[in-house]
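These notes open a run of structures that come right after.
You will see subunit A twice below: alongside subunit B first, and alongside subunit C after that.
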Partner chain A sequence: MTDIRALEADIAQAADSGAPGRSAWYRLEPAILGTASIAVLLVLWEVLPRLITMSAGTKLFFTTPTQIAGTLWRLFATGTIWTPLGVSASGFALGLGLSIVVGLPLGVLIGRSRTLNAMLDPFITAFNATPRLVFLPLLMLWFGLGLEMKIVIVFIGALFPILINTYEGVRNADKTLINVVRSFGASEWDVARLVVVPNAMPYIVAGLRLAIGRAVLGVVVAEFFGSESGLGVMMVQAAGRYQVDVVFSGLIVFAALSLAMTAMVQVLESRLSRWRPQRAGGE
Partner chain B sequence: MQAYISGRNVNLTFRPPNRGPVRALQNFDIDIGEGEFLSIVGPSGCGKSTFLNVLLGLIKPDSGDIRMDGKPLAGPGTDRAMVFQEFGLLPWRTVQANVELGLELKGMSSDTRREVSQPLIEMIGLSGFEGHFPHELSGGMKQRVGLARALATDPNVLLMDEPFAALDAQTRDLMQVELLRIWQTAKKTVLFVTHQIEEAIYLSDRVMVMTKRPGRAKKIFKIDLPRPRDYEMRVTPEFNELKLQIWNELKDEITV
Partner chain C sequence: MSDEAIPRQSFTDKHRKVLLGGLAVAIFLAAWQAVFLVVPFNKLFVSKPDLIWDALVDLIVSGDLMRDLAISAVPFVYGFSAAVVVGVALGIVMGWRERVSYALDPIMTIFYASPLVALAPLVIVFFGVGVSGKAIIIFVLSVFPFIFNAQAGVRAVDRLLINVVRSMGGTERDLYLKVIVPSVLPYIVAGARIAVGRGLIGILVGEFFAASEGIGYAIARFGDLFALDRMFACIFAIMVIAVVLTEGIRWAERAAFPWRVGQ
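Our next item is the complex of A and B:
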């Protein structure tokens, strides 16, 4: 009896005194460890080449973080990067935009109409099962090496995640809620606007996240294998001239673009899910 | 009594894909007077909710004649509104936007909508909760929003599909009182579907017992308890006698 009491008191005390300090560390731990490991890696990368003697030939293939930072700065300061960046970004944005404009309504339509679904399903299944990049040679033939080809390759890459996710979300719509709006005389358009699309929004956002990845991939591959200009072209040409720092600069810009887009989707997601119960530990 | 809503020989069979046909309603007859509160009790799956959906205009019967105010029923309309069992609130809409749903679909401007929704939200005791989302409300509050939404378009007929079934017993009792209060002031015709005999007696002018599927009207009980009803009536001998009679009609229809 006394033992249990003592034990309970101990636990209570431990929980009391330990909790606040632990929770602050607990919250910050991942961020601190993440930043620290990046910092360690960068320092090692910077220092090691200075400690190891390499032949001039080997040195050709390496660069250091400070060198990359300098090159990035130069590329932006002199403005050399703006043209290729603009080309890549337009291909990405236009292709992705087009895939949203087409994929979202089409996903809603095939989700709502059995007829359309039966008609289009074979195409969608076949297209989706094929790696979209195998169309690249054809697209280069048909659309050339300019912006149009890039838009099309991005479009067909990003279309299916959006289309298929929208479709799944639409199929998942709550029948009762559809009846609710119908009972107020809602048209099929009202049903889509008021119930089906809001209900599918989490699916659509997840599809968008996937689509962004596919879109970036589309831009990169199109530019690696045959384009007139773009960040990828800049990287390939730099690699041919052993300008490893320029290659890394392109890589960093691509990574930054992807991260920025993902962050935008996250903002969109949290704005769209204000009506949801907050998960434990969420914002 | 002149029937405000009448159904004659209503037949309805569901034909779900991959399964055999299900006869939901067979030669179903009903008469509801204007301003009347009529409850339907019946075994699960007897077609009582189906009939509400027919009246709402969401399901077309295979045959039969359904009239409202002398005119044949044609599709959904703002003269009828439903209070749904699981509330049926759009989870991404605030309390106010949910209440205003029907008004919005009628094409009303947001200012006019607000003029209608504000007093209703006040009436259901949710002032200050206009901006809340459904997940932030209790079951009783949600169903009051469902009720306000149904009343917003000022329908003549209120269809209620086991509206209090998802609530706990105490909340349910309070909601019944609230519903009677609203019914007495708003003077709506109410068709109320429930599993609870006591609830049906307490609220209604008449209680219809339905047979098991395919559903027909088996017997109708007139409830002569005085209005306004109060909670004490539930323990009177007349009340219990009615309860027993209705149960005796109903129990033969129930298979466990």
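Our next item is the complex of A and C:
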């Protein structure tokens, strides 16, 4: 699991830090260009209906950034969004929590036991390759349209990134350290606690980041196809009524949720890896 | 005697993983089949391997499965090809031209972070439930791995190698064939592996929503009809396809770019 985005961020950071003599424009260029392109896009989107005349049918589907912002504000101001948001968030949190509780120990276990790994590998490969969405109709049949179904679909979506990354991290543990701890009479539990899990932490965090994306996806699709309430339900109903601004508002809330969670994980990571010695090279 | 014993030992040793895996799958299927000797079997809510196998054979023989798969394959091919062409082109430009990547990186990151599946209802309302709507959902979901990986691939091209080829009098063509393509291609193939999974999600989302045919529709319909054996057979078919596609790409990566295996 190479997370290319994370890698790029690291590289960019490394490049940023070591350039004292550059001019201000040179340093700010990425930020300026990035903001400018977003601004241009938004402005174009905003003025498009004033530039070209649209047929009444197309107008039904069209919305502008200001309308979306207004709708978003209205949804929060009147409080109509809190109930569906709460329903979606609880499904998200419980499913993700469950996948961590199951995925972490299982990942450590198959990382430490060759036999268990060989036995579970076919299942993990098959389920990881298959879009978990395929089980949605089955899960609706088994768990109904309520919270349980949502939790299960989020769980199976988020489980595999955590499981596989934990496994990779555990496999990567320093054999010498394990042997040292063993020589001093450590049990398998001690080995896991003292060496394997701390060492696997960066992998686990990367898996967690992937899992958050999968979990949000799980909530969205579960609510699209088989739920009674939630943010996704609100969006589908709005799409059916051509309230495009509400659909986009929901999308923004979901994106904000996933970005906020990712940011939290990053904070968690920097706290957990504070003990880690700086990498060589004087970064 | 011992001469014979050693290779035999190494056979089970070498294939230990495969044997154990096969054993686990066999145990799993047997347990699934056997559990209904104890637990009462209700075929409206569960199924068992022998019934699923019968349903699978039935669906294959009648041609239903192939027809549904063929129908789903059409938007997949369109959406995925468009994602390859657009994603690789955009990624290469973003990789070569620093300013372009400054300008587009934030937008791409925002798009990638937001659950774009959430726009599916809108796409369906706008483009309909036919090939175009599904193809657009598939395109939107699978284009980003190509963009990001092509960009990373171009960035990873070793400038030193370019200079060496130039110094040795290599032509522009040599540069592309000997340095740039071998360097970028592995990234794109790795991106394809991720994109395949996302594309499959796209098919299912599109067809669960409002399709009247295709493999996703078949799964949803068999679920509505409580025809669990057929539903499991279709799920199994999707699993096989997904594994073949992703593992096939992984295998191709290993075969074509052996120097990257260590990474």
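We adopt the following convention: the second predicted complex is superposed on the first by the 245 of 283 C-alpha atoms of A that agree within 3 Å, B and C clash if a C-alpha of one lies under 4 Å from a C-alpha of the other, contacts with A are read in each partner's own complex, and residues count from 1 in each chain.
Convention: a contact is a pair of C-beta atoms (placed from the backbone, for glycine too) under 8 Å apart; a residue touches a chain by one contact, two chains touch by 3 or more.
Bear in mind that the values here come from a model prediction, so they are computed numbers and not experimental data.
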Broader residue contact with subunit A after superposition on the shared chain, subunit B or subunit C
C
Between subunit B (first) and subunit C (second), which does A:Thr78 come into contact with in this model arrangement: first, second, both, or neither?
neither
Which of subunit B and subunit C A:Ser55 touches, first, second, both or neither:
neither
Counting only touches as set out at the top, which of subunit B and subunit C does A:Val195 meet: first, second, both, neither?
first
After overlaying the two complexes on chain A, where does the subunit B footprint on subunit A coincide with the subunit C footprint?
none
Show which residues of subunit A lie in contact with subunit C when the two form their complex.
2, 4-5, 7-8, 29-30, 33-38, 41, 61, 115, 118-123, 125-127, 129-131, 133-138, 140-142, 213, 216-217, 220-221, 224-225, 232, 235-236, 239-240, 242, 244, 247, 250-252, 254-255, 258-259, 262
Flag every residue of subunit A that touches subunit B in the complex, lowest number first.
176-177, 179-186, 190, 194-195, 198-199, 201, 274-277
Help me check something: in the complex, which residues belonging to subunit B touch subunit A?
53, 56-58, 75-78, 80-82, 84, 86, 88, 90-93, 101-102, 105-106, 133-135, 153
Complex contact set, residues of subunit C against subunit A:
16-17, 20-25, 28, 45, 99, 102-107, 109-110, 112-122, 124-126, 148-149, 152, 155, 187, 190, 197, 200-201, 204-205, 208-209, 219-220, 222-224, 226, 228, 231-232, 235, 238-239, 242-243, 245-247, 263
